[in-house]
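After this come two complexes, each holding chain A, first together with chain B and then together with chain C.
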Partner chain A sequence: MASRRTLLKVIILGDSGVGKTSLMAQYVNNKFSKQYKATIGADFMTKEIVIDDTVVTLQIWDTAGQERFQSLGVSFYRGADCVMCVYDVNSAKSFESLENWRNEFLVQASPSDPEKFPVVVVGNKIDVEDGKDSKRVISEKKAKSWCTSKGGLMHFECSAKEDINVDAAFEAVARFAVQNEDAEEDVYLPDTVSIDTRGAAPSSGCC
Partner chain B sequence: MTRARDARAPRAWTAAHKRAREHDEHDDWRRRRRHVLAFTSAGKPAWTRYGSTHGVSGLCATLQALGAVSASAMGGELEGAEVGGRRLARRASGAMTYATSSDRGESAATLEKHLEWVERGVKMLVTNAGLETALAKNAKFDVGRALATATRADEVLGQLARNLSWETCYVFDTYTAVRVRAEVRETVARAMVEAMKTVTKPFACVAFGDDGRVGAYAKPRGHRPTTIAASDLIVLMNFLRVVSRCEGDEDSFTRVCLPEFNPDGFMRAYTARLRARDGDAAGDEGQPVKSTRASSGSIGICIITASADAMEECRAARDALEKRLNDDGALAQMVAAAGESMSIAKLPSEALGGFQDASEPLLHFVYNRPARHQHVSSAFSPSLNGADVKAITRAYASTYTSMKETEGVVDASGPGPKFIGAAQRVRYERRARFSVLACVGGDFEIYLTLKPSTTTTTAVALCNRLCVWLRVHEPELFVEE
Partner chain C sequence: MQRADARDADPARAARWLDEAKASVKEHAFRMKRAADEDNLREALKCASLMLGELRATTPAPRGYYELYIAASDELMHLRRFFGDKSRHGRSCVELYELVQHAGNILPRLYLLITVGATYVELGEGSARDVLMDLVEMTRGVQQPMHGLFLRAYLSQMSKGLLPDKGSRYEGEGGNIDDAVEFLLQNFTEMNKLWVRMQHIGPSNGKKRREGEREELRDLVGKNLLALSQLEGVDLQLYRETVLPRILEQVVNCKDELAQPYLLDVLIQVFPDEYHLATFEEVFSTMSMLRANVRVGSILNALLGRLLSYAEETPEAKSEFEAADVFPKSFECCQAIIGAHDDVPAKEIIGMYAALMAFARKLQITEAGTLDDILLALANSLQSKLPITDPEVAQQLSTLLSDPLESCELSVVLSLKSYPKVIALLDEDTKKKVALGVVQTLVKNRSTLTTVDHVKMLYDFIDCVVSADAKEASQAMEDVEKERSAAIAEEQNVVARVVHLIKAPEDNHELQLEMLNTAYDILLKGGPRRIRHTFPALVFAGIACGRDIVPADANNDDKEAISFTTPIEVKSPWLKKSLHFVHKSITALTEVAGRHEKALKLFLEAAQLAAVANLESIAYEFFERAFVLYEENITDTKKQVNLLFIIIGTLHKVNVFGADSRESLVHKTTGYSARLLKKPDQCVGAYTCAHLFWTETVKDSDSVASCLKKSVKIANAVRDTFGGNAANRIEALGLYVGILNKYLYFYDKTPEGCTSVTVEALQALIDMINTELSSVGDVRNAESIGALRDVEQSYANTLTHIRQQKHKVEDGTADRYSTLVV
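Entry: the complex of A and B
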């Protein structure tokens, strides 16, 4: 039985249209919509899972990939416990943007140890078959190689549409963050005892 | 002495009221009429009035994001909104944000004020430094976990959130005192000063009734400031009532911060009961009253010290104080006074000038003295129910706000403001179930709730007579600061 509870803020980043919202909807609600609707600002969902002896509430921040919403980054990224960087395996541009998304996040969120901050890379839309309009352009090998070059980032290939590997990716994010949380020194509240800071009178006449 | 629970008084907030299984997508949760939330600037929940903190994390994230979007798009934080008959107020303060929503018709100003009180309540439990320092070092910091280490945080904040709807302290920003003879209060205060002499780093000592009225308080001689800020005393009273109720006959020694005095430091609050001897209260054996209820025959006492090791000293001081006050009979008188509320029906005829006849136009009144940091709040008329009391409290809040906004001479007739003197402003508002007469003078404010049929002339005459009586009896109504 789980003995403790924790809440993790998970940020999903990536170019517009890579399937961030679909991944979240598939993971939380087991639903997929073929209709594309751009996220305005951000969308939020929560899901409770158990990792070893910990009940984990994932507070998932699905951010907008469009350029015009990126000024909101600082306020959205603050206090994040982990980040999921998503690209479309059929879009080279979305893969190339990963570097920027990751860097931007690390700059704006300023985690205490950027090298160890939990980042998981997810290649979405592996269900799309090669055809006239689409063709897989980012191989798993290429993506893994890039992740290795960035200090060994975790990598998953998923399909939000076919529900392939989605749970595994989110659970890996959660596990990674829980481990990181354990490793981080907690900040304890000060037990300050202060009585004289507002000018207590001289001791004469005082008890 | 036992008293049946008064339907016109706020019930004690217990863990069961929280409905910890509810979450923000739960129909029952959504039906609750007033929600209060506290969360960090990362959008992580710290406390919620209803449901579990994790269960409202989606809503907290949304509210935090709305604030960020508002700041980005309009250059300012979102402070409020109104959707579907429900008003939302949001207060960003440092690394924390507080939010409340209500469908009870409070004004935006009233809800914002409620959030200020909730913020004080949170700071009392964990200190401002605790919040700001912890979140500055680590934006992921879980304030909810920090609150969980504070003494009865859920009950304290839950009770505070409930009392915001019921109690006039949170409307007028002044505290209430037990009505007792001035000599008795003075005797108790003197004994408190003596008792504190044996305690290391004493800050203050407060005697209080179960309803949160202050019986007496004392500070060590020579200390500055010589008084406790009213806002500190109000949140302290809320804290002490909860601790005292939960601990029963047991004493306790807990961390507490007085945000107005020093928002960054903890002190220790020793809380216990002072029991009046039977003999003094009922003419019996001279033994401390044995009771099944902690409150029967006793009042609460709190000694605040800056020493974390002073519990035994406080315990000894409490014993000495109880003995001394029992020896001179003051404790029994204070206990008896703390058990009495100011019933309008029991006021002497000169207080109401013959107006309070069988028709009983006066349902409730508040006499506020901002310079004394205190007010008198009468008992509510037995004809009122709990919903009426809350409606009257909301009416006071809106009238109080509008009286503060009213400048200069105001119109002289009708339901609007009425000018009756150089230093006074009067407003008479007729509502469906009651009317409110408000009069603000140079150094006092009085608010009367009357039956809606009461004429303006009767209301003003009654108000004038009551004011005179209250002014004359101030020594027994207020703590001398």
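Entry: the complex of A and C
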């Protein structure tokens, strides 16, 4: 029986078309569609899993890869416990963008220790290489060595379409996030003497 | 202390407001969670309500409000979990639903209602349809646009996964897909109305700021379309019959310049390609109903882009597209849009036609007719945008023009009558860039021009870089030169490469020459500044044609085997014609463009070709022409020396002349040598001329010896200049060593009969060098020291060579050198 409950916030980032939405949909709903649908703004889905003794509610934020569909900015990055950076193993450009995505995230989310902030790198669409028109351009080795050079980021290769490694990647994300949770918890400490410093607080009574 | 104002002009104070509001959210959230942990429902609701009260602020900018919203809605997740655990608060959802309605303020109340409502549906206590429809109705109560937009965004977020979608566990009693669609469409419509109305609220001078804020808020509205596209149950039929018409209706009716293009963009991006293929006509016709200022071009581009990506990923696309008449209808739509809006920017126009071209290519509609139609329409559409000066647009146009070059046969491209018309739209500089781009693409693709018409048409395509323009004619030559000689050189070198694309099939030399002559006529019109760069290419092409004929005629594939010793009799009449062509081209190069030095070299080059084919009089003519140029036009001493060596080299090589002709040419050459300005040059000239008397066929040992003797005499004169100072002596020494080497060269020809170069003469020269070396005396000047060291080194090398010769016994060399004392 789980003894603790916790809510974790995970952000999925990456270029347009790498399969962020597909990974989330596969993980949360076990569904996959090959149709491309752009994501507008940011939206989350939740999934409960048990990690060791803890019931973890993962709040997974799927984001728009296209900047023009991010009109409200990225303030939802704040308070994230882990970030998943996705690229398409068949697109060199999407791999090269990882650096930018990670940096942008660290700048905007300003976690307490950016160097140690948990980032999981996911190479999606590995199913394509098994097909007849193999076109993989980012080898696992290349990706791993990049991850090592960035301070040992965790790396997974997945296929949202074939459901390969998707659960493993998200579980790693969740474990990572649990470890990091305390670091990012912005604990509210009530003053011993409560002084209302504000003029007129909304006085909407309840019940 | 007063709280800061969120809309303070001072960003620092606005930020402080936000921090304070977030701190307040956090404080109430803390109490709310503590109350929840203690299973104190009333207290939790009270705190949640206070927390949500912060969202009643009307002043913050959208991004600030969004941040606050995120903070608050994150906290509501905890409350939702508490609601979901009935064992902790002991209330049914209906009771909860009733309970939260007591919150005094509408905004917190509705956030709480939605949160409970989600739990209500999730736990299966209420029907999804009823609860959601109830909520979407109730949220009408909030009419402050930003509050309403975020509240409804929260509703949309919470309802995710709870909709009675096809295959969902809420389907059935909770309603069906139609209810899910209705719920989302209603929410969308209401949000769009709030968003559109936002512009009218507030003082009129804040309009611009409000537009900016609306831009920021747009994704909240757009997300509804995404939610619709994510419904499993929205199949093509439902999309076409319900979803799309309702969205388009809202798009058209809102009459809003911001909303119309944005919503269509979202629609195009969130629904699948195949839906667009099935409904593109509806979207096309909507485009003509939008506000006049809406940039329809970019919308059409986006849609065409989706259709194109479908075509690229779907094998059966060709037949589907043909069946749906995508191409002709898109073409029609482009023209209609451009016709209806005067202000479609050139960039968008080109974008549309580029998409059409890409379609045509993808669907393999590459007949010249179609491409011509597209380009012609493009040319017409851009007529009102002239001149095109934006470099980005010009680049776009140039890319578009290179597309057919990449994808079609050159002959197809060259038959496009519209092509030059499109080029003509550009300003002069861009036109040139495009024209050069065309040539570069052809060169890159190794395309060849195989008919006279092709040659004409290609030059017609790139006319702007081929013909002299009117402006040029009126300008003084020198001014023009100064202005842009480097630019024109670069440009014309590219133009010149067209000549090398001319390649008649199957060694048809007649055709090859006809095409070259066509090029000649056209390039001649370019005037001197172009001819100087383009004509060398013509000459080389003419020579290449001739070289091609010679071995072909001799039935010998090995072109390397062409020999000067035994000229071949060539029967093909086209060789003479090639040479004639070469002659006329070089003549133009010197007479029109004044490139005498280059022309001289080319005449010599041509003379060799004539010589190989045993065409004595032609070869002679070429030499004569080279000589005339030398005499009349080459005045620079260094160039004279350089060219003289080339003349000697060529004359030495060719073996076509009868004795008289040859003597006359050699006589002139030695004369040039003697007339060189500087004595040291004369000296080198003299001993180099010695070669003219010792060739494969000419063996005149006396003349060789006399040339060498003459060079010694000149060197003596150099030595004695200015009373023989150290510098002159060293210079003379250098010449002596040079002469010595030449002596050795000819001494080695003794077995072939070069008997006039004797060992005595050699010995005398060596002795003299030794004497000179010992008497140079004290050299102080650093330059002279260096020069002397070089001479000594080169002399030492020569002596080493002689010593080695003394050891070559096998062929009698050692004998010949035995008496030589070094």
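A few notes on this one:
The definition used in the following text is that the second predicted complex is superposed on the first by the 175 of 207 C-alpha atoms of A that agree within 3 Å, B and C clash if a C-alpha of one lies under 4 Å from a C-alpha of the other, contacts with A are read in each partner's own complex, and residues count from 1 in each chain.
Keep in mind that, in the parts below, a contact is a pair of C-beta atoms (placed from the backbone, for glycine too) under 8 Å apart; a residue touches a chain by one contact, two chains touch by 3 or more.
In this text the structure is predicted, and so the values were computed from the model without any measurement.
By the touch criterion defined above, A:Ala80 lies against chain B but remains apart from chain C after alignment on the C-alpha atoms of chain A.
Legend: residue contacts after superposition of the two complexes on their common chain; A:Val50 is shown touching neither chain B nor chain C. In the superposed model, A:Ala38 lies in contact with chain C only, and not with chain B. In the superposed model, A:Val107 lies in contact with neither chain B nor chain C. When the shared chain is aligned, no partner comes close enough to touch A:Ala168: not chain B, not chain C.
Looking at the shared chain after the overlay, A:Thr6 reaches chain B, while chain C stays out of its contact range. In the superposed model, A:Trp61 lies in contact with chain B only, and not with chain C. Touch criterion not met for A:Ala92: it reaches neither chain B nor chain C. Shared contact residues on chain A (touching chain B in one structure, chain C in the other): 5, 7, 9, 41, 44-46, 57, 59, 71-72, 75-76, 78-79, 188, 190, 197-199, 201-202, 204-207.
On the side of chain A, the complex with chain C involves touching residues 5, 7, 9, 33, 35-41, 43-46, 57, 59, 64, 66, 68-73, 75-76, 78-79, 186, 188, 190, 197-199, 201-202, 204-207.
Of all the residues in chain C, the ones that touch chain A in their complex are 1-3, 20, 24, 26-27, 29-31, 42, 45-46, 48-50, 53-54, 56, 62-63, 66-67, 70-71, 74, 77-78, 81, 99, 102-105, 108, 157, 160-161, 215-220, 222-223, 225-226, 229-230, 265-266, 269-274, 309. Chain A meets chain B in the complex at residues 5-7, 9, 41-42, 44-46, 48, 57, 59, 61, 71-72, 75-76, 78-81, 109, 112, 181, 184, 187-207. For chain B in complex with chain A, the touching residues are 40-45, 53-54, 57-58, 60-62, 64-65, 67-69, 71-72, 126-127, 129-130, 133-134, 137-142, 144, 146, 149, 193, 196-197, 201-203, 220-225, 255, 261-262, 264-268, 306-308.
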